[in-house]
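The following pair of complexes shares a single chain, subunit A, combined with subunit B in the former and subunit C in the latter.
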Partner chain A sequence: MASFLQAIVSGLVTGSIYALMTVGMTLIYGTLRTLNMAHGSMVMVGGYVSWMLFDSLGWGPLAGLVAASLVAFLFGILIQQVAVRPLIGKLGVDFEMTAFISTFAVTIVLSNLALRIYGARNKAVPPVIHGRLHLIEGVSVSWHSLVMAGVAVTMLLALGAFLSKTRYGLGITAVAQQLDAARLMGIPDQRVYNLTMGVSSALAAIAGVLLASVFFVSPNAGDLPLLKALIVAIFGGLGSIRGTILSAYIIGLLEALISTYFGVRWSLPLLFVVIMVVMLIRPTGLLGKPEEARL
Partner chain B sequence: MAVREVRDPAEAARTPAALGDELGWRRPKPIAVVALLVAAVALPVVWRNDYVIDVALTGLIWMILNQSWNLQLGIGGIWNFGQLAIFAVGGYVSALIAIHWGLPPWLSMIAGGLGAAAMSAVIGIPVLRLRGIYASLLTFSFGEVVRLLVISDESGLTGGSFGLSGVPELAFDGWSPDARQRAYYWLALALVVATAVVIYVFINSPLGTALKALRDAPAYAASRGVSPLKMQVITFATSAFIAGIAGGFYAHYFGVIAPSVMGLGPMSLFVAMLVVGGLGTFWGPILGTAVILAVSEYLRDYDELRLIIVGLILLVTIVVAPRGLVPALQDGWRRLQRWMAEDEAEREEGSTT
Partner chain C sequence: MLEVRGLRASYGETPVLEGIDLSVGDGEFVAVIGPNGHGKTTLLRTLSGLLEPTTGEISFDGERIDGLRPDLISMRGLVHIPQGDLPFGDMTVEENLLLGAFPADAWRKRSERLERVFTLFPVLAERRTQRARTLSGGERRMLALGRGLMRDARMLMIDEPSLGLAPVLVNEVYGHIETIVASGVTLLLVEENFSHVQAFDAHVLLLESGRIVRQGSVAELLADEIVMATYLGT
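Presenting the complex of A and B:
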């Protein structure tokens, strides 16, 4: 029983961080119709920013959160301008495919740039708070994980409020729902795209700062988050924020349960089998909308 | 049957540009192809440098893989980003069979191809139900799952992250190193040519036309009686079989196959090759492999810089010429022809008046 509860607790923590990582990806897909393969790199960028602050100034991860989100915001706009914007409206090629490849190219450049600048060695970042909280006999959670989950949930709530309450957020929602109508209403689409890329990248970087002290920061620190984010995103249905958050928790819990009962080695393969079965039944994920009729 | 553009016959006869179009560049020029082949065959005899031959051989193996990938990604429009895992599965199956069952490597390579085809059916069937981006997500994560499974394998079957070594030689046991390398080179070249022939026939057959129709107008093609299911299964199986053979060849030549052939690093190279060459064109994967291989060899002393530059080349290509080098060159050639024709027409007008 204790191991089951332990799995649930760690599953909830992982789920929160997955939700934080993936929500940006789904937001970008919703507005820009781009599957941002550079999203994982933003996790890495966040980790490095936090490490640099710690290494050179001795500042803790909380300062890192702010700095990393600002840096990643700018990175997001840069990616939008360099890799995505020139492709919009190009004739004769599939935009989704070219944008997929161009953001993939950005990932290659960024992770090898990190390798060139920082080297292959892992960098360690201290946790926000040390120590563990013992809930009941045999079930415990580190304070850092609690902070992680707390920050993730706060950011998600803030994002929800931003999207439904503020002018800019409503602009993003409008573009995601109906691009032409949004343009006719005078919403500047390019500014919305920049904002979406910036905000999404900042969220990924926040996840990166939080993860930096659990794992280490390395040039390929973005690979596994990218893979997990992809899995969460397909499972939840691209473009659906609610579906993404739901699927992040489902996948977090499943992963924790599988690793508890079958071993860590099986968590990814079994998860993949589960997802494949779900995709067979619902080809657009849990809450995704079908794009076109299947043949 | 190749579909030809319908032209006004009178006009076609009149302008040299149209004539040039008709005559050549759009279909591979036989003379150029033969010259290229002769050069490729002669390379290890003319340039007696182990390193060069080794690089060229690796390039040939990649060419096979890229051609098979192009069949799905470019011509079929099926977003399969797990082809490297299929390649690796072919290599592992071939190696394991040759090691444990003692089958001659020739046979085990074919078994590797069949194994890869079977694997691709497992991933292919769910992908059939998915469109575009979802298929890419599923196949990409499939590839990563295969890679991580092999890396975390502690049973000793696949050798884990160190790879499976001691894969037997194809058939050149006891040959001198030079002769052995050359034999492998020519064999790889033969495989490249065989793959090219298979793919050329495939894309110019009714099957290929149906596949392109499904890519460009799925609803219309289906309503005209092209079965998406059948076409995609055929494409997946053909492509995976070829990739599996390439994997088997790789394993037997190098004597080792490791999970490092998969993952984001190698994938970035292969995607760059495909996109720079031109997705969906016959010559694209061949040209792209050669170009990117040359770039990455030129920069081989600067480790990380190599991939940074490959990444930048990929980015610039996709932004400037998203269809790749081959279509861009074809366009340029056609424009040159037209320009020359106009020039000529003007001169003729000048001489008559």
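Presenting the complex of A and C:
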């Protein structure tokens, strides 16, 4: 029983961080209709920003959260301008595929820049708080994990409020759902794309700061998050925010339960089997909608 | 208020508008009538900037707007209510309406605008938390009109408000358009069926194969037997 509860607790923490990592990818797919393959790099950028603040100023990860999200916001706009915008509306260019490739190129460039600047050695960042919280006999969770889950859930709620309550938040959803009508309402689509890329990248960087204390920061710290985000986004239904969050928690819980009962080495293979079976039955993912409806 | 000179537009290689001249004065009601597929919708899409003209001039309030981005044209108060309504399907009726007030000055007054639209279209108030895609055809049309009325429109352009609606609903929609006209808004309306605008004091242009082939007041066109027989089948 205790091991089951322990698995649920870890699964919820993992699920929260997966949701935070992926929701930006979903947001970008919803508005721009392409997979942003540079999304994982923003996790890496977040990690390095946090490490630099710690290494040079001794500031902890909480300061890193603010700094990393600002830096990544600007990176997002830069990627949009350099790698995505030139491809929008080009006749004879399959936007979804070319933007997929160009953002993947951005990932390669950023990883190699990180290698050049910081070297290959892993950088360590301390957790926000040390120690563990003992819930009941045999079930415990590190304080840092609780902070991770707390920050992730707070950011997701804030994103939800931003999208449904503010002028530009509604503008993002409007551009995602009906571009022509959005432009007729006076919504500047290019500014909305910049904002979407900025916000999405900032969310990924926040995940990167939190994960930096669990793993290490290295030039390819964004690779696994990118892979996980792709799996979560596709399983949840591309472009669906609710689907992404649901899928993140399902995958987080499945991973934890499989590792507890079958061992860690079965976690990925069994997870893929489950996902493949679900995708065979629902090719659009859990809450994905065919074509027109997004976000 | 709106001046169009020698406007041409095409989709790829296919020319659709072949030199349109028209002008709409302040407070005037101008109706463009013509068969489907002859460029009425393209005309409005070009005026609102969704389609870039190949040649020609469009001025609004004395300033050139051809080639501007649609959001900038819309910000100047030239509001286009598109064919097929184009609702934000997965957003609620209220969110759809709020987006009509996207320009910053309209956004500040959004609650009072919302009340005004709800008074004009009580059915939208009943449906305010419902997703737009669940509305009936008539309700969607009201939503599109309401969304266009959420801001300070200097001029409205409405594309075929009767399209796909049952006759009783067409009458209801035109009842609302009468109210809008009575409020003194400048209006450019596109319609396939002349009979819908007969009751208005409108200046009518007949659009065929991308050209204005005839124009005059409603009374003048009604008196013109050739026009009635050739273009309107009566």
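List of remarks:
Simple rule for what comes next: the second predicted complex is superposed on the first by the 291 of 295 C-alpha atoms of A that agree within 3 Å, B and C clash if a C-alpha of one lies under 4 Å from a C-alpha of the other, contacts with A are read in each partner's own complex, and residues count from 1 in each chain.
By definition in this document, contacts are C-beta pairs under 8 Å (C-beta built on N, C-alpha and C of every residue); 3 or more make two chains touch, one makes a residue touch a chain.
Predicted model only: the values in this text are computed from it and were never measured.
Residue contacts after overlaying the shared chain place A:E137 against neither subunit B nor subunit C. In the superposition on chain A, A:F104 contacts subunit B only, with no contact to subunit C. In the superposition on chain A, A:L170 contacts subunit C only, with no contact to subunit B. Subunit A is touched at more residues by one of its partners, and among subunit B and subunit C that partner is B. Of the two partner chains placed by the overlay, only subunit B lies in contact with A:A233; subunit C stays clear of it. Judged by the touch definition given at the top, the superposed model places A:M185 against subunit C, while subunit B stays out of reach. Within subunit A, the residues touched by subunit B in the first complex and by subunit C in the second are 292-295.
Taken together, the subunit C residues at the contact with subunit A in this complex read 48-50, 69-72, 74-75, 79-80, 82, 86-91, 95, 98-100, 102-104, 107, 133, 147, 151. On the side of subunit B, the complex with subunit A involves touching residues 77, 79, 126, 129-134, 136-138, 140-142, 144-145, 148-149, 152, 218-219, 222, 228, 263-264, 268, 271-272, 275, 304-305, 307-308, 310-312, 314-315, 318-319, 322-323. Listing the residues of subunit A that touch subunit B in their complex gives 29, 35, 82-83, 86-87, 90, 92-94, 96-98, 100-102, 104-109, 111-113, 115-116, 220, 223, 227, 230-231, 233-234, 238, 265, 268-269, 272, 275-276, 279-280, 283-285, 291-295. Taken in their complex, subunit A has these residues touching subunit C: 164, 167, 170-171, 173-174, 177-178, 180-189, 292-295.
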